[in-house]
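Each chain carries a letter (A, B and C) given by its place in the written order, and its residues are counted from 1.
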Amino acid sequence: MSGITTASVLSTFSTCEISDALIKLKVAHGGYIPDIHMISPTTSSDLRICSPAYTVKMVPGSDTSSPKLTEHFVDTAPAGSVVVIDAPPETKNAVWGGLMTAGVQARGATGVIISGRCRDLAEHRALGFPVFSRGHSTLGQSPFTRPSAVNVPVTILPQGLGADSFPPVTIHPGDWMVADEDGVVCVPRSLESQVIELATKGRAIDALCMDDIKAGKGVQRSFKLHRGK
Amino acid sequence: MSGITTASVLSTFSTCEISDALIKLKVAHGGYIPDIHMISPTTSSDLRICSPAYTVKMVPGSDTSSPKLTEHFVDTAPAGSVVVIDAPPETKNAVWGGLMTAGVQARGATGVIISGRCRDLAEHRALGFPVFSRGHSTLGQSPFTRPSAVNVPVTILPQGLGADSFPPVTIHPGDWMVADEDGVVCVPRSLESQVIELATKGRAIDALCMDDIKAGKGVQRSFKLHRGK
Amino acid sequence: MSGITTASVLSTFSTCEISDALIKLKVAHGGYIPDIHMISPTTSSDLRICSPAYTVKMVPGSDTSSPKLTEHFVDTAPAGSVVVIDAPPETKNAVWGGLMTAGVQARGATGVIISGRCRDLAEHRALGFPVFSRGHSTLGQSPFTRPSAVNVPVTILPQGLGADSFPPVTIHPGDWMVADEDGVVCVPRSLESQVIELATKGRAIDALCMDDIKAGKGVQRSFKLHRGK
């Protein structure tokens, strides 16, 4: 399938349906990047984004040895991509704000997914731009963090309780990112066809289960009948 | 009082009023299970649920020694009960989803309270089903967790900062669970009459205080006059 | 400037613009007190409060050596002030509720900012009173915490991941507190003029950048043109 066709098909599935497919494919984390929430355009809606990842790696501002960018990371975001930012986990500052949203919107990006914080909440909402992040802040980048690389693989570490027992997710540039109010998942390019196939089957089976379960036929019986176990 | 009468009286009190009564009864935790939030039907409403607990104990999927269920835990939820799920604290997966809500709704359960995560947020909201949880996820149960027992006492451990200094809450099947946007509380059956008596008194006194405080008579003076201290 | 004039000017700036100014003034934390969220009158709005701090220090209820207050802390809140409460970080109980909101509203306070939890969410919202807190609870103060001092400097420690690497913020009585959905910042009285001057300049420059960025001129070029770097 072409990229556009894949996106249009993949975007019909919820992040949960996609995780289910990836789990069936023995991907240990099911593509799931925990604890990132929709904060714009609302905190609760039926919005979903599904686009190839344009990755941005942030490092602590005190890190003088990591590479520096020659262009602003916003100015190199491709049209149709979703910006995926990996910020150092311990930072309390935002790595995204209103000017950044305006910048990537002008370039045709579809949203931003931040393993980190964001600010200017009202501006993203006013612009109707999808933002997923771990939280908010009043502080900008400098002097806390800085961008160090774009379009490189980024490995997002889980945070908080249970971080030690959940696998990190590595996102390669161009991987599919799907995000809705249930969370954020990454679909590697190499698995896109199998994910679509399994999610299509999973949806059909779940629809049959749902009909039977709503009719009071019981979960165990419906699962056995339609899932075979 | 009969169960139905108790529920109708108890449900008129906020979780805060109930905790106040339990604190007066020297219950160290005031019945409060911290850090569980209303996520459906909305994230902020005047909804309150008040029903006897139907408990479900989840264990890690890697635990092969704990008992297994012979029926699906949804299929044995009693009408009029609220499902209370105790999931291992470190899990990033959901232990509840849209099919489960459909299943217990068909059986007449009134809601679900999850010490853990939930998914398919849009489905619960579309069905108008009350869900309280610690957060969301895109991942389902397998292979992360599995149900091991129903209708057993579950002890919910506090999480996060301060977890060490706050007592866990043990919920016995049939205990009253009351949940609203302030949080989730458990009222042991043995204390229901005393809680209702104390909460009734507390509400009357607070109403007198509120009138005086709104009239500018001062908190200390109003408390002394109506609370006696 | 008089206090009223300062407030009216300062309140036109977002918490992000104020943090930017404080960062330029080499204030390490940019005035930012992390992880306190707007929970009333809504969880997401264009509301902003900007008032001098009336500080309240809470201590654990088990602390019998710290000073005790002779008056209720609500009864000594000045008109026009915002109540700033520093609660022990590890507490799961609320240190603010509906009667407190009624009390300070009767006295003309403008809001409450809580490094801690709050309860009776519906009451604050019904009264339209601005409340910022770390979270919610069903438990009141007693026996968990108690007020020990008012109008003293309070030092609010950051919490959670990254707490060790972010500086605490000390708030002196009368310092400006500005809070909106991006977060809570403190502006020391001694810096108010410089903050207003820098935030005014910052806003003008950001407006020029925003116009150019929306017009597709690029972030780097716009920053270089208007910010000079």
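Methods note: contacts are C-beta pairs under 8 Å (C-beta built on N, C-alpha and C of every residue); 3 or more make two chains touch, one makes a residue touch a chain.
All of these numbers come straight from a predicted model, not from anything done at the bench.
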| item | value |
| --- | --- |
| Intersection of contact partners for chain A and chain C | B |
| Chain B against chain A, contact positions shared by both copies (same if over half, else different) | different |
| Angle (degrees, nearest 5) of the CA superposition of chain B onto chain C | 120 |
| Inter-chain centre distance, chain A versus chain B - centres from mean C-alpha coordinates, in Å | 31 |
| Shared interface positions of chain B, touching two or more other chains | 43 |
| Chain B-touching residues of chain A, taken from the complex the two chains share | 14-16, 18-20, 23, 30-32, 34-35, 37, 43-44, 46, 158, 161-162, 164-166, 180-185, 206, 209-210, 213-216, 218-221, 223 |
| Parts of chain A lying in touch with chain C, wherever the complex brings them together | 42-43, 71-72, 74-75, 89-92, 94, 97-100, 102-103, 105-107, 119-122, 125, 135-140, 142-143, 159-160 |
